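What follows is chain A paired twice: with chain B in the first complex and chain C in the second.
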Partner chain A sequence: MKTLEITHRMDKKGVLFLKVAGFIDASNINFFDRELNSQMEKGYNKIILDCSELQYLNSSALGILLEAHQTAVKQQGGIRILNLPQKIEKTFNILGFNEYFQIFSDEAKAVQSLL
Partner chain B sequence: MAENSTRYSQTKKGNEKDSPRNSSKYFHLRFIVPGDVQELAAIRDRVEKQSASMNLSDEEAYQIVSAVDETCTNIIKHAYQGKEGNIEISLKVDSERFEIEVADKGIYFDPTLNIPQEIDQEKIGRQKGGLGLFIIKKTMDDLNYRFTMSGENKLHLVKYFRSE
Partner chain C sequence: MIERHKKLGLRVKFSGWTVVVIIFIVSITSTFLIYHERKALRQEREARGDTIIRNLDNLSIETLILRDELAVHSLLNGIVQSEPDVLYAQIKDNRQEVFLASALEVQEDLRQIIKELRFPEGPEILKQYLDVPPYPPIIDISKLIFVKEKQLGKVRIGVSEEGINSTLRALRNNVILIASSLIILLLVVSYIIISHAVRPIEYLSERARAIGEGDLTTRIKLEQEDELGQLAGTLDSMAQKIKESQEQLVEKEKLEKEMEIARDIQQMLIPQQFPSLPGFSIGAFFKPAELIGGDYYDLFEIGRGRFGCVIADVSGKSISGAIIMALIRTMLRAEAMEKESPGEVLTRVNSLIKPDLKPRMYVTASYLILSPREKTVKFASAGHQRPIFYSESGKNAEILPGKGMALGISDDKFFRRVIEEHEVTLQRGDGLFIYSDGISEAFNPKQEEYGEERILNALKVNLSRKAEDIISALYEDLRQFIGSMNQSDDITMLSFKLEE
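Showing the complex of A and B:
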């Protein structure tokens, strides 16, 4: 059984969708880190992280996301969070991560926010 | 040598009246797992199943699961530092609180000394620790560490149930 599956999809407007399905913890954090950063190294800096099938993410994943977002912002891009499960979003909010990330449930609006 | 199997004991207790929770579901569960990142999913699964039996909200259950995951990850990284060793997890629930005690026999590691007060987004990077502890501090009501006479690190976490 795969613990984490990341699929890519490129929007016509140049926004990269990364769908993360499963969980992100210390056992697979390096895979997540590599996948996200390899896309950014290819020059993709407008990224939507589709979390609709995300069950869990740990603090290291949040740190990696925040760092990647900051890098993307410096390049006139950014990372947006799409369809974050409510239980995870509550924790996001408690930690104050909603100040750093825009969270969307509407894909078109998430794309629009990056254009 | 780390154990491959998990030791498990559970005691039901309580018949208190006027409890907001179903007292037949009070429990004290203790289990021991190898300190290995490959075990984290099974640990979360077990804690989640126990939380689900307590009518907690999804958010509360997620926060408890997250606190246990972050604590165990810290033990594997900082107390055992890649060496083999076991983690003992104790979950105790009554009408008022969900208590968690996580113990290990790694090197002395007091996580409460390293808790950041705020997220410093300039300093947060993949190499920097501390965010896991920040999550535990923000989501749990009590957080206490002790180093025992027998050389164990013990972290005690409590989440009080919201009144209904």
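Showing the complex of A and C:
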């Protein structure tokens, strides 16, 4: 059974850290969607997605991320990708998402880019 | 009508049983009551009789000694007149002279019976009970008269039990009267109480019938916390659950129908046969997944002996995805006729399709232009898996370079800036392999990805074969890798190889 774990952490500067661990696929895509969008509905539009323990995400998850980012940008925020594992970075590169999302391996820099 | 009858039956049954129980209790109680009352009354009568006969005994002694017959008579008459229950009084002296006084009603036949009645043998009081219709039951009390142990005579009186019976009759009548009013009262009260108690049951049975007839929206609630209230709660949650699962079923059927339509459109878009490419072998494989996936591929002539080749993947399988696929196919075919550059064609399609895509939808595509005459392939990838070049003579397979955003994400300017176009020249035995992420991202039961390395290895061991056989070999390798796992995404691959 593939599992997905999402943990939240709030930064003092109003940046929300979302750590996604495990697999995002058809079985839990709705959970991921709900978690991300409920945070955005609460007004968090500066989000850092910590992918250090992410093993897989499907194309629908990428679509959700895309839409969330576009919404966040409209509200002077954005989504930053942190610690993208090599395998997933490859997916990002193939899709051209590396051109679209800012990807960081340094947390402080990621936060800085949102302020 | 049947239900009405049954409901009435329930009430009548309850009331009926109540009445039966009450009648039973009242009968037992009143029988007991009357028995004891009769006993008490008789004892009282007997005690009274004892007192009278003792008085008579005392009073008669003097008159008997004096032999004053007149006094004896007046004594007896006085008793009979002053005591309404005393029917007769009799004194016999030791010379067997009989003095008798009696109430007027005492007739000759009774006198005869009295004459024959016994007297006690000793000093004790003897009681005998007479039942001589038409006279009321009589307690005959008799005693011997002694003075200093010398017997002077005998005395007897007859006490009527008439009073007892009439008292008891009155008592019984009262009991019957009270009991009947009680029964009627209880009947009314129990009918009202039972009607009240039956009302929630009627309500619940009516709701249960409504559920059976398909009404799942009306909520069921009883303002009571007893078993019936719990039953109402159970019934309510049952209806809710039925409703939910019905909705889920409808939703599931709707989704399945939608999937089916999407699959049909998808099948329609996949080419049934390829144009012939002079000098090339071609192979293609397409296996749609049950749930998600929106792959399509195309190979078509674009004029001047050249061919356009497309592989694309719309994120998420749905009717809208299938329509987007159809749109892209048409746009690509139209743009391909006009433009020489794969990058330009994709850039144009990106601009055209972007307004039609939902916010979270995007499309990945690779577009290749193959010129059999020049033996060249120009290609660009918009967010799609890069094409793989393989060479039989070079015994090699490698991923070709390229950059590009998936279609429908960015505006024209940004897309154009990122997309790269490359070109390869083919020698004899060289070929190209394009595929979708349904292959590279297929998982085995150990949660391992098939990945690019396995694709390259599978190609390398099959380099000497024709394109269609390379495709079959690769699918076989993939199938063995996946094992018991379900196919989670569409599997699409296409290859062409220069054979001459």
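One rule holds in what follows: the second predicted complex is superposed on the first by the 113 of 115 C-alpha atoms of A that agree within 3 Å, B and C clash if a C-alpha of one lies under 4 Å from a C-alpha of the other, contacts with A are read in each partner's own complex, and residues count from 1 in each chain.
Quick note on the criterion: a contact is a pair of C-beta atoms (placed from the backbone, for glycine too) under 8 Å apart; a residue touches a chain by one contact, two chains touch by 3 or more.
From a predicted model like this one, the values you see are computed outputs, not experimental measurements.
Colleague: Who does A:42 touch here: chain B (first), chain C (second), both, or neither?
Modeller: A:42 contacts neither chain B nor chain C.
Colleague: Classify the contacts of A:12 with the two partner chains as first (chain B alone), second (chain C alone), both, or neither.
Modeller: neither
Colleague: Now for A:86: first (chain B), second (chain C), both, or neither, which partner does it touch?
Modeller: Touch status of A:86: first partner only.
Colleague: Who does A:3 touch here: chain B (first), chain C (second), both, or neither?
Modeller: First partner only, chain B.
Colleague: Across the two complexes, what residues of chain A are contacted by chain B and by chain C?
Modeller: Common interface on chain A, chain B vs chain C: 23, 25-26, 56, 58-60, 62-64, 66-67, 70, 87, 91, 94-97, 100.
Colleague: Using the touch definition up top, name the residues of chain B that touch chain A in the complex.
Modeller: Those residues of chain B that touch chain A are 37-38, 40-41, 44, 58-59, 61-63, 65-66, 69-70, 73, 76-77, 119, 121, 124-126, 128, 131-132, 134-135, 138-139.
Colleague: Provide the residue numbers of chain C that touch chain A in the complex, in ascending order.
Modeller: 291-292, 313, 315-316, 359-362, 364, 381-386, 403-406, 409-410, 414, 418, 437, 441, 447, 449, 488-489
Colleague: Spell out the part of chain A that touches chain B in their complex, as residue ranges.
Modeller: Listed in rising order, the residues are 3, 23, 25-27, 33, 56, 58-60, 62-64, 66-67, 70, 86-88, 90-91, 94-97, 100.
Colleague: So in the complex, the part of chain A that touches chain C is made up of which residues?
Modeller: Result: residues 2, 23, 25-26, 55-56, 58-60, 62-64, 66-67, 70-71, 87, 91, 93-97, 99-100 of chain A touch chain C.
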